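Each chain carries a letter (A, B and C) given by its place in the written order, and its residues are counted from 1.
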Amino acid sequence: MTEALLKIRDLSVHFRTGNGTAQVLRNVSLDLGRGRAVGVVGESGSGKSTLAAALLRLLPANLALLDGTIELDGRNLLDLPIAETVALRGTRFAMIFQDPMTALNPVFTIGNQLVELQRAKRPKASKTELLARATAMLGRVGIADPARRLTQYPHEFSGGMRQRVMIAAALLTDADLLIADEPTTALDPTIEAQIVALMRDLHDEIGGTLMLISHSLGLISELCDDVVVLYAGKLVESGPMADVFRTPLHPYTRALIACEIAADVERGDRLASIPGEVPDVTRLPPGCIFANRCPDVIPACLDAVPELREFGPDRRAACIRI
Amino acid sequence: MHPDLIEVQDAAVAFGRVTAVDAVSLAIRPGETVGLIGESGSGKSTLARLLVDLVRPNAGTVRFDGQDLATLDRAARRAYRRDAQMIFQDPVASLSPRMTIGRALAEPLAIHGIDRAQAWPGVLELLHRVGLPETILGKYPHQVSGGQARRVGIARALVLRPKLVVADEPTAGLDVSVQGDLVNLMTELQRDFGLTYLLVSHNLNVVRAMADRFAVMYLGRLIEVGPARRIFVAPAHPYTRALIAATPRLDPDRLQAPVPLAGEMPNPADLPPGCRFQTRCPLVDDHCRKVEPPETALTDGRMVRCHKPLVD
Amino acid sequence: MRAAFRAVWRSPTGRIGLVLVVLVLLFSLFGPFVIPYEPNKLDVLHRFAGPTPIHWMGTDNLGRDLAVRMAVGGQIALGVALSTIGLSLVGGTLLGIAAAYAPTQIERVILIVFDVLSAFPPLIFALAIVALLGPGLDKVVFILAITMVPHFGRIARAQTLSLKHAPFLDATRVLGASASRLVLVHVVPNIMGPLVVLASMDIPVVITLEAGLSFLGIGVPPPRASWGGLLHDGYTNLTQSPWPVTFAGLMLILATLGFTLFGEALRDAIDPKLRAAP
């Protein structure tokens, strides 16, 4: 078993807010296996985007606590000085956001931006060489007439096209880890299908490590090898994607899967949902975070936060009822 | 009472050089739910706005209960508002930022001169019915959650007891774990208030659970209309098939590898002759590129606009 | 709004500004009742007196009590400021909203009107009006209000344009609201924020403009006591007594400083709140 690329241990992130301290992530531990596509499942309030931000040290100013370790090549990234972390972005880590418009500079051509971002790893390369690589990469991600497109500005691209450009940009960095935060949420279904197929083909071909953050179980099932389920800042279940989705252990995972609308649904059928609301992370209840909405809750659930236990190779879940 | 609650005939809406809605005909019967499906640029939002008189057609007619909307005078148009309402995609943005929820719910009463004292108990009952506490009445839109704002939008739309409710992406932005609640609520309200729904969405899963019929739009034209179940199980138009295949579904064993569409959408201001789907259709041939397919009826009563439908 | 005022109180400069404003207001409104002199009563025997227990600020070149004249001047200054700003705010807002909703040709005309009005330097315009119609307090208000209309109008137009396609306006239209209801109940309250801030920051500007016009003799005509007029009289008789100029100048400075600090604190209080509200 090859060693994981990134080992996250007991990561906790708290923010200062007007209502008190928001404990957005609490003791999250996971491994990003080399060459694996790991899906982070989370709904609103799960802390999934904070997890990505913590990896890239892009956390906002009202940070109250940042604890735990993020190990890359034996070094804890959280101990690194900021300058070194910045150097990691664009060389070891690349990120794709939900809205590519915010990541692309509107006043520079795509070609300009794709060339500049390569300079971090290739400071001595000529502009011609970098342009050639960019052209090839645009073609690889399915953009027709890449040489001409390089001369265009971001606003001249459609949403799906911009996301392809973002993927090309991420690939051009030769990063070890690609973090994609809701990369298809803003796209129409047929465009989303194209991007998903592209990402799958590229992952099969290049084999890099992918961390896909999404609320869509379907998307994760189409792209990911492993999955990690976050609920209100806590990691509640993890394991190989097929195992977790076929035989979920944690009541939240089970409930979430039950909410997926079945293929044979009829008009007027009652749809499943999870009753109640995500708890306020500034006022944490005692015990298990899912207790107030869990169909299997017993009094003991409120006594202590359940430990993450092993249930077989790579299978973990935090529930006392399993 | 007219057999169709609302009927659109050959309606066209153009914005400059772009014809957002092009010769669309659609009839909605009382009590049914029609799912208007399409992606960006399909014109579905414009067609929805046509039904609630937010936009006037450049050609064609829109008839409500047999009456042509264009012939209504100002007073009659205002009365029409009591029959056709809309629930908006961004629930917080659809509420006036400086009005409390209570005032927002009273607004329809004030606009139509309905005595507030008499009607308010009914409004409170609606609030209760959509699952919101009375304490929300004093709050401002930015102080409530997206889910709560969505329910306020539904309650507000029902204050005037309309017959037709157009819902624009009713579950957009909602977590999967709570969208079921909203769908169930809308279904119950339809039953209790005798509503007719037009659901505008690109989320086929949700629309499937609610709609009797689908109306699929592409680049301003209706390309397939018919019973929802039939279309979902056996789509006739290649675009419908692609859209259904593109809907992400939980598939741990990866049984279905979706084959996505190739090609790009044409520029809506500069459409090529022939079928509008030609640039992405896997079945396209020369005939498709020259002649725009007319509306044809299939044996099961469906309408499809395609030279080579997948089903007869 | 209440929260904005509380925020102003919290900021140190805002607090100073608010205190100064209140002092000027109290002095101007209640001064003439407290001070036992008539503002226009001549007492040539006791002219150019310095500050004494009888005349707190001394007397001017005609023996009139300065303190009570300052108070009257304050009433004029504030009255002119409020009526001018009130008129131009209402006029500018209506034109601005109209421009935002009007068809392109009409909008162009309104914008040209704005440009023309801004191009007139207030002083030259004032000279022209006074030459045509003679001096007077109402003329001052008219001149200043006209020159300030584009100031509010452009902001009102920009704010309305940004709101024009907001979903809540569509929603209210679908509910059946008439155009006037949409504008009055839904558009105006949502664009008022920046306009109110602008108005409060304009108060010291108008006070200074009025003082300037009166100083030149084309504003409020004598014998009515305006701060500008007092400055003028004190200036021309500077060798006889430094007190009138000093007090008038001090009064003007404190008033404009107070309103400026208050207005800026109000802007800082409202702007971040506007940004914070989604």
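The criterion applied here is as follows: contacts are C-beta pairs under 8 Å (C-beta built on N, C-alpha and C of every residue); 3 or more make two chains touch, one makes a residue touch a chain.
Remember, it's a predicted structure, so these values are computed and weren't measured experimentally.
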item	value
Those chains which touch subunit C and also touch subunit B	none
Most distant chain from subunit B, judged by the mean position of its C-alpha atoms	C
Approximate Å spacing (C-alpha centroids) for the pair subunit B, subunit C	51
Rounded Å distance between subunit A and subunit B, as computed from the means of their C-alpha atoms	32
Euclidean distance of C-alpha centroids - subunit A vs subunit C, Å	55
List of subunit B residues in touch with subunit C within their complex	49, 52-54, 78, 81-82, 84-86, 88-90, 92-98, 107-108, 111-112, 142, 153, 156, 160
Complex interface listing, subunit A residues touching subunit B	43-44, 144, 158-159, 188-194, 196-197, 215-219, 221-222, 241-242, 245-246, 255-257, 259-261, 263, 265-275
Contact set on subunit C toward subunit B in their complex	166-168, 170-178, 181, 186, 189-190, 277-278
Complex contact set, residues of subunit B against subunit A	33, 39-40, 175-181, 183-184, 187, 202, 204-206, 208-212, 228-229, 242-243, 245-254, 258-262, 264-265
